[in-house]
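Dropping the structures in below, format is structure tokens.
In what follows, chain A forms one complex with chain B and a second complex with chain C.
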Partner chain A sequence: MSRDTVQLEILRYDPEKDSEPYFSTYEVPFNDDWVVLDAINYVKENLDRTLTYRWSCHMAVCGSCGMVINGEPVLSCHTFMRDYGDKIRIEPLQNFPVERDLVVVIDDFVEKLGSVKPYIVPKVEKTVDEGEYIQSPAQLAVFKQYTACINCLLCYSACPQVGLNPGFVGPAALALAHRYNLDSRDVGRAAREDVVASNPGIWECSFVGACSEVCPKSVDPAAAIQQTKIASTVDYFTDFLTPWRKQ
Partner chain B sequence: MARSNKPIVWGLFAAGGTLSAFIFPAVVFVIGFGVTLGFYSPDVFSYERMQALAANPLGKLCLFAPTFLIIWHAAHRLRITAHDFGIRADGLVAALCYGSAAVGTVAMIYALFIA
Partner chain C sequence: MKIIETDVAIIGAGGAGLRAAISVAESDPQLKVALISKVYPMRSHTVAAEGGAAGVIKDEDSFENHFHDTVAGGDWLSDQDAVELFIHEAPRELTLMEHWGCPWSRKPDGRVAVRPFGGMKIERTWYAADKTGFHLLHTLFQTSLKFPSIKRYDEYFSTDIVVVDGKCCGFTAIEMRSGEVTYFKAKSVIIATGGAGRVFPFTTNGAIKTGDGMAMAYRAGVALKDMEFVQYHPTGLPGTGILITEGSRGEGGLLVNKDGYRYLQDYNLGPPDPWPRKKAMELGPRDRLSQAFWHEQQKGRTIKTADGDVVHLDLRHLGEAKIDERLPMVRELAKSYVGVDPVYDPIPVRPVIHYTMGGIDTNIDAATNIPGLYAAGECSCVSINGANRLGSNSLTELLVFGARAGSGAAEFAKARQGAINESAAKQEAEKTEKRLAALFAKEKATESIPGLRKEMNDTMESGAGIYRTEDSLQATCTKMSEIRKRSANIGLQDKSKVFNTDMAEALELDAMIDVACAMANSALQRKESRGSHQRLDFEARDDKKYLKHSLAHYSPDGNPKVDYRDVTITSSQPAERVYGGAQE
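Right, the complex of A and B next:
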């Protein structure tokens, strides 16, 4: 099959000027080796300099080029043009306000991420001179998968609960909380539970699993959340049955 | 933020879900296909035998425990499904779902352990 050109239908929106979003259609050359981001870059360089979008690494590492392409949240650098038909519809990530065109406002996510303390809370602080916190390969294997998150937010776009409840802490932040909870060098779990085990935390999740399906780094945030639910349920009943142990 | 009380219903939900995933296929096979396929005679499910099962203390427990968990699983699942469909009256839905499960539980306790 040989195709000469492909039409990109790209959502445009400047909240300061436009009363509502609209689509602009651009005709770009078809190239078997192009990812969709290449086609968008072609538009920016040759057809319309006002088109606004985020990207950086072009290799599925930086997490900034997430978009909804033909209805699915994907990294546009990780999705080949050849896998689509003659028309490709490109929209910003869902469940976030649009800043401009394909750029969304992620302040709310950044705040949620900070709220779960996504860093190691050590038992005793060590200075650099005192050396590193030792960890065995087996201890690393327990949480390694959850370290792969690149904060691309495809999971927030795919999650129906994020759409229904804007307060929901959401898949990536909860998966990252789980990552630190599982880390042998960390003792911050109890402090994280205040957010993680609250109603807007893990309990807002109804295990639809869309987050894990769209995740480009196979983080499987849905699994992280279900494992956290089990751990928090055990906590809950342990606290209930042994109230004298509560801190 | 206050920790949620959801572990109570979620604990039952998770236990019931695991049980229904593992046990129900076997139950469906035993009840639905075993006799039809001729693995054992229909007498296995005769009234007398079922009555004897339900009269035995261990039998009572085997009937009660999985059914209890699975009813609560269903209640929580329906509540969440209603929420997924955008029904915002969560308090009412929760009362209806858990209320039905509670009625079922009481009915079972009555039938198995009291009547």
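Right, the complex of A and C next:
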């Protein structure tokens, strides 16, 4: 069947006037090359100036345009119209309060990201004149994958623990903590451990791996969480059996 | 009106803004820093930079080489004192980024690796695979979280600089969540709002790159410098304009026309072999490569597609392993957006608007002519890039001049005498509120935002593109001043206070129109060809008349007055730019 148009059903909510969210339906031209974001932009330019969403780079790297499309959290700039049927349902990311339409409030995530101390705590302070720290390609490879996170929050939308347990630091922030812990230039693990190991949620993470499945950048936060758990358990027993090491 | 008081306020949290904020925080932790951005910092367009950042590091390289490549690359329009400062600071800033955790790609011995880049004589481009900007931005953002004195205001849309008695006293911004106008009362202000590629229809620039800060400074009385110089990148994907990094040619990629012929050899960039070879063929400067495409198109030797004419970028000979190691993002982007796997097929590419060399006129200390107002990053023009930026110089520029703007603004804030006259400043700030109220109140809008934006895009492309003439530019200037006038009839269909993107787009369009007027008029008045500014009616460079920076001064009717200032020359007298065999 050749398709001329597609229907977008988009969740709408403006706290200034709506008591409840509702869906608006828009008919847009079908275009084989379009990503879903192009279709949404078409609506904004031609049909409804009030439709509200975030986007910028259109190349899957700024992390702004995460949405739930036909039930799946995805980047709308990296998801093609041609892969869907005649109706596409578009909703905001789950597990976040809706600010308006497809825009969600992410203050809590930004707060959590900062809480894991995502910066190098150096072993030895070097001055610029002393040059760079030596890091072999193999040492880089150990943490490289965990640097790839674009903070798109698809994993928070997919994670059952984030939904159940609002205090949970969550997949991306834990992956980031892990990234610094694994960096050969860093000795900040103990400081991060306070936040990570004591965090409600990490021990409940049932390793269903939903976060890693939806991640558009193959960060694999589930693996980071799993490795963190093992490392923290080892720490716990080391502290327990050899308490003098703590000092 | 809400008032937020701070010492130093920074508009923009991309690479330049974040680096500036850290610089203030490090120079004096007592100073309060407000960092304002219309998007979350990690969404800033620095995130999209792929190829790398230039800084001398190899033993066989030298500061003189980097200096000369930059000055010649810029067709002698760069200020040479600024370039000298820049090249010396470059490796220091890049090393600092390494200390802060940037995952630079490494050599087997664990030292930082460098790759060749267009117009650079020796490899000096530091890279983090092909996601360099992404890693720099996230490293800077994450490092900034270490400093308690930096307070962020994410998703605040800034609109106007507040000037009282000739001094900068802060600016106004709209909190997107509430729609409330806030006056940021600050002793010094840094504008770091990035470029303005969205003035054109086909660009590598994200939706947020609308020149807001340039327009703010311009309206406040700072000239926009060298605005006629806009860079086309030779290799964008047709349709979307997504960038395929120059790093792909640095790694050995080839450009061929419809006959499979490496056409660059016909444009003073050959001979083609041996390859790869620096400053020749595919590693010539961007202006030359984009212009060569235009000529091939005139000769009918490009390839027709539904999204316009293209040539082919061939990476196949690099092999899968190298492509995956060095250019993973290129592979991914090409597969996703044009359905081509570069391991097996050449990538279709065409020139695309990429970078604004011009911008807010600053001196070598990143200061503008308004005391207390600074600018850094792509929105500014120091100028190190002259008439044509060399790839990988601008990420370094963000760091070098971001840091410099930060320390300058910190010093200024500490030394500033006398309190800000709050009632006068508030009165100024209230003008923003009134302007906004009028926009919301307008009942009968006769112009649409997307409609007017498209007219602007079209006239900029047709009249002020890769090649320009008196007629084409005159037509664009006339059209732009008509658009300036008609923009008064824009209204909003969205009247909500909450995250109103209809309003944001109206304000962005307003800024872009000012920027476009400055570009078109500066281009019309420069009757020579230099770097990215190529005129079919004045084909030669004219150092007698135009070895000068243009300065466009704001005028509400869209017809700025343009005057000129001499270029600073220290050691390199203008000469012919030679690439390919001629240089050897």
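In this section, the second predicted complex is superposed on the first by the 243 of 247 C-alpha atoms of A that agree within 3 Å, B and C clash if a C-alpha of one lies under 4 Å from a C-alpha of the other, contacts with A are read in each partner's own complex, and residues count from 1 in each chain.
Operating definition for what follows: a residue touches a chain if its C-beta (ideal position, glycine included) is under 8 Å from a C-beta of that chain, and two chains touch if they have at least 3 such contacts.
Fair warning: this is a prediction, and the values are worked out from it, not measured in the lab.
By the touch criterion defined above, A:61 reaches chain C but does not reach chain B. Of the two partner chains placed by the overlay, only chain C lies in contact with A:118; chain B stays clear of it.
Of the two partner chains, chain B is the only one touched by A:164; chain C is not. More residues of chain A are touched by C (comparison of chain B with chain C).
By the touch criterion defined above, A:128 lies against chain C but remains apart from chain B after alignment on the C-alpha atoms of chain A.
In the superposed model, A:203 lies in contact with chain B only, and not with chain C.
By the touch criterion stated above, A:233 is placed in contact with chain B alone, chain C being left untouched. Of all residues in chain B, only 1-8, 10-11, 14, 80, 83-84, 86 touch chain A in the complex they form.
Within the complex, the chain A residues that touch chain C are 14-17, 33, 44-46, 49-50, 52-64, 78, 99-100, 103, 106, 110, 113-114, 117-120, 122, 126, 128, 131-137, 139-140, 143-144, 147-148, 150-151, 176, 180, 183, 185-186. The residues of chain A lying in touch with chain B in their complex are 160, 164, 193-195, 197-201, 203, 206, 208, 229-230, 232-233, 235-237. On the side of chain C, the complex with chain A involves touching residues 39-40, 42-45, 47-48, 92, 95-96, 98-101, 103-112, 131, 134-135, 138, 142-143, 145-146, 154, 177, 206-208, 239-240, 242-243, 329, 333, 336-337, 449-450, 492-494, 496-502.
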